[in-house]
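Heads up, the next two complexes both have chain A, just with different partners, chain B and then chain C.
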Partner chain A sequence: MALDLSGKQYAQVPFEEKQRLFNEVKADFRFDEYLYGCYECGVCVAACPSARFYDFSPRKIAQTAAREDVDLFYVFLNDSIWDCSQCFSCDRCPRQNSPGGLITVMREVAVKNGLASAQEALEGYGRIVYKIMSTGTQVSPDMLQPNAFPDWGPHVKEISNNLDVWRRALPPETLHTTETGWAVDDKTVIELYLIWHMTGVMDIIKEVDEGLFMILQDVMEERLEEAGYDASFN
Partner chain B sequence: MIPREGLVSVSKAKDRQFVRSPEQAPTEDIHDIILQLEKEGEWEVQRVPEPYVEVETKYGRKKKIPLQRTWHHKSCGQCGHIPGYSTSIFWMNRKLGFDYLDPTDQTSCTAWNYYASATSNAAAQAAVAMRNFAAAAETTYYPIIHCGTSFGHYKETRHQLIHSPELRRQVRGILARLGKKFVIPEEIVHYSEWVHVVRDKIADHQVRNLSMIRATVHPACHYHKLITEDAIYDPEIYGGQRSAIITATLKALGIEVADYSTWFDCCGFGFRHILVSRDFSRSFATMRKIEVMKQEANPDVTVTHDTGCVTTLDHSQFAARAHGRNVGIPVMSDSQIAALAMGAHPYKVLQLHWHSTDNKPFLEKIGIDTEKAWREFETAVEALKQGDKQYLTWEDADAESVAAPSAHPEPALH
Partner chain C sequence: MPEQSILIIGGGPAGMEAARGVADLGYRAILVEKRSCLGGMPDEAGYAALTPDFRSASEATAEMVAAIENNANVTIRLNSTVTAATGRLGDFEVTLKNGQTAEKVKAGAVIIATGFQHFDPGRETQQYGYYEFDDVITLVDLEKMLKEHNVVRPSNGQPPERLCFIQCVGSRDRQIGNEYCSKVCCGVASKEAIEVRQQLPNCKVFIFYIDMRMYGYWENLIYWPAQEKYKVSYIKGIATEIMKKGDRLLVRGEDTTMGRPMEVPMDIVVLSVGMESSAGTREMAQIFGLKQNKYKFIETIGGALNTVTTNVEGVFVCGAATGPADLEDTVSSANAAAMKALAAVQRTQRLAG
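And then the complex of A and B:
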């Protein structure tokens, strides 16, 4: 689907709000290192996998940020950044820009501010966020369910049917788990929870997915209390 | 008319040469900065333990790769979905007699989620990295990173910590509240760099002849595109114009490495795409990578060195085949190929039943009876089901079997 760069779809959003979000991106400590200028050479687009299958251009995003075109920036912030593959092939830029890095910062701002487009982009992703934040490993063997990966082939069903015994048929002792990628110490998971709280990540989750936030908070509170921390995480 | 002598003289492209020299590197040498920050009391630096091997990176700087006393920072995608990847790394360490640690005081780097959903921030990402580094330092073993994304992301994080005193202050405070030291490794090392430096030892232990095999190589984006100057290069491999990683290992094992035009392209993993927009990942992996390899090189196998790349390139082929696309190349990690060369069992060690694309023709080509090998694995599994034992042990994985290579194999061609 072609990207509408006219900005008409966001005409009702006050310019001040668009400017505020742009300023938030620009204020990030990484911004100046990710964006020096643009030769318009298109090397980033040529190297970009997403540009081949989406109406997506790292060059346009970098140029728009460099020109401080706040209206167009808002279009990209909502309708384009989630197409990026985050492979950083665009770091090949002869001007030393990192359009992929710039997009990472834009995504952070989109999520932190709870933009509807960010919430939509993360629909169906909650279980992944839950897994990584609550267990310390992002993907687990028990995620390999045929209904989740029907396009990966019949072996997924076979893995799922034999999961417990095939995990026990792995020689490394840490890999006998089914709900986590490997065995993680309780103390290690507690330390991870404390990091999420101390760095404001729980506030980010609350902004973008309140239901997920409540589930995570319940799980974490219980385990933190068991470990001797109070519920306010002090 | 402007007199010719008034023009600035520009050398012709054919006369220009890329000089590989640390002095001419366009980027800073982080080693100096890390040690300077240690002198200033900002953090401790965990030294690479001896014995180590020094290799050259893109601009000719030296990088130390430890041989042993390694703390294995595992990959969630490898351990969760393609567990033969990491099992092969551990198996090789054992076969080479190297001391290593497989820790449980380790979390994922959480970068897959970060690049997919941005539900984190720079401080959290740095704190997760430094917590894992502190956990490694407590054991005195040295961190070696299994995942290409963890490797690239940790280097990005190191760069941010070096250049942001405020980020250092914040993360140091968090580590202090966790009761952890603020310690950074002297080098951030990827496991494939370890495979690279021990490739001749692996070849010395080679018992399977792989000289009839043609392979293509997919270098992982987050290995050689993030903090690009830290990747291993070698003038003998691709004239030093691409990373030498994987290719040098395959050549040491006698495998023919065939080139293809889209080698620089990503695999299509996309982080969020592989989970919630897989039509993109499948299309890119098959149309820009697998089909191009097939058409231009027709390899027996393609070899890569990252979690997402093995996952995407392998698992994308099933649906593409249903559409009649020109696919069907087995995908393995360099650790799996190297372990196979050293005699590892295809199912007990490489765990190839967790892969999707048919790899039997490849295994048969190197002389493995796949039916017998699978029966051996099933027998071992049956023993677990019957309760004869709870787990398959390292000794079980190496039990003499009909699938094992002949005691008198043809000599490998190096």
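And then the complex of A and C:
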């Protein structure tokens, strides 16, 4: 569906709120080296894989930020930035802009502020976030289940039926991490939990996924208390 | 013995620079100017800062005037116009009129430096309402405000919160008849946009354009700083009309690269008016029998390799009398004209000798 650039869909959001979010992006220390000025030449779109599949334009995002068009910026902040694959092909800009980098900053702001779009975009990744944050390891191949990845399409169900067979058909060993992936040194896990808390990652999770936050909090609290830390962080 | 003096018509940057060139080579220049002072358009229109280097226009003009004013090789005739010319290379006789007084002067060669005039936006582009709305002004009007550090809405005397430039007014338009690009307006508008942002940091500034034409170093001297440092918004799309909405102006156009129609309120709309041949340029073409192009600028006959020679032997042209020109073009062609005029006179002298 074509993206509505009229801004009418967000007419009820106060301009001050849009301006606040724009200012937050602009205040990021990376902003000035990610965005200079935009020729609106389209080389970034030409290089962009996502632009082939979605109504997505890194150019429009960059030029909107350069023009400081706050209303339109809000549209992209909500409706476009999650279409980016963060491959940075757009970095071939003659003005040395990085539309992809700008989108990184915008995503961070969207997540920190718990925007609905961020919640929706991250919904399918709850399992991954849970795995990484609770164990410090990445996703193991046995996690490819339809309920874990609702946005990965109907073929996930089909593959998951015989996942073990598919995996074994691959020449290299791929299933060994299903067990080792969960085993992380106690001290490392505790340090990781402290990092999540102290750097504000837990606050961000709370903004975008309250349920996930509560599960993580439970898991972490127990192990942190065992290790002698006050896990309430109040 | 052929006459060696060079008669230069027009006391703007082109004429002054040509006179200095002739004098520097040790020959006599007679500089004719219809106004009561030298300086030409930058002085007459009250330019604030020059494009692209932001140098004070008054200071630069004063420097050019000083180079010829007390120069033994330069004779200056102010308040004077050329009314008739006879003769040929090495032997021109030109009639100057100062009020009721006529004077005939001899010259070996003539340089036309009668410049341009700004396009009158009330003439064809009525949809922009230049004579209808107080807050629709031109680059020239804004230049005066910038010079006085008093950029305000003419309608109410208040500083603008939103100001835009509309490019190519009177240029690149088959219906108006001026199909050419006026060359300087992109640079001048961007320069003025920077100055507005400097003087009024809270004023949002937009430039609506067809193509931004900022050749060579103008790119990073003006265009990039305007966009990157001063946050001037460049929007590809030309306004179709300007209307009144409340006490503001409403600019209607298309934001082409964003692919959506646009209706934006503005406090001041600045029309980036282009260049047309001046009355003086057209008169001199008649008096000297010079070929003009379809836009009534004086035609040069040497193509790309000779930018100052006209169809009449011994008559040369420089600056914006040949077509749209920036200052860099103007002083360059002025020096080329001085050199070619002297070379022509000396060639005649050798043949006569």
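Here is the rule we go by: the second predicted complex is superposed on the first by the 191 of 234 C-alpha atoms of A that agree within 3 Å, B and C clash if a C-alpha of one lies under 4 Å from a C-alpha of the other, contacts with A are read in each partner's own complex, and residues count from 1 in each chain.
Here is the rule we use: contacts are C-beta pairs under 8 Å (C-beta built on N, C-alpha and C of every residue); 3 or more make two chains touch, one makes a residue touch a chain.
Treat the numbers as computed from the prediction; the structure is a model and nothing was measured.
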item	value
Contact breadth on chain A, by residue count: chain C or chain B	B
Partner chain(s) touched by A:P99 [first = chain B, second = chain C, both, neither]	neither
Which of chain B and chain C A:P58 touches, first, second, both or neither	neither
Touching partner for A:L122 - first (chain B), second (chain C), both, neither	first
Intersection of chain A interface sets (partners chain B, chain C)	none
For the chain C and chain A complex, residues of the former touching the latter	204, 224, 227-228, 231, 233-236, 257-260
In the complex, chain A residues that touch chain B	29-30, 33, 47, 49-50, 52-54, 82, 85-89, 91-92, 104, 107-108, 110-112, 118, 121-125, 128-129, 132, 136-141, 143-144, 149, 151-153, 155, 158-159, 162, 165-176, 180-185, 187-189, 191-192, 194-196, 198-201, 204-205, 208
Residues of chain A defined as touching chain C within the complex	5-6, 36-38, 40, 59-60, 63-64, 66-69, 72, 95
Complex contacts: residues of chain B adjacent to chain A	74-81, 83, 86-87, 90-91, 102-108, 110, 112-124, 127-128, 131, 135, 152, 160, 163-164, 166-167, 170, 174, 177-178, 180, 221-222, 225-226, 228, 264-266, 268-273, 275-276, 278, 280, 282-284, 288, 315, 318-319, 348-349, 351, 353-356, 377, 380-381, 384-385, 390-394, 396-397
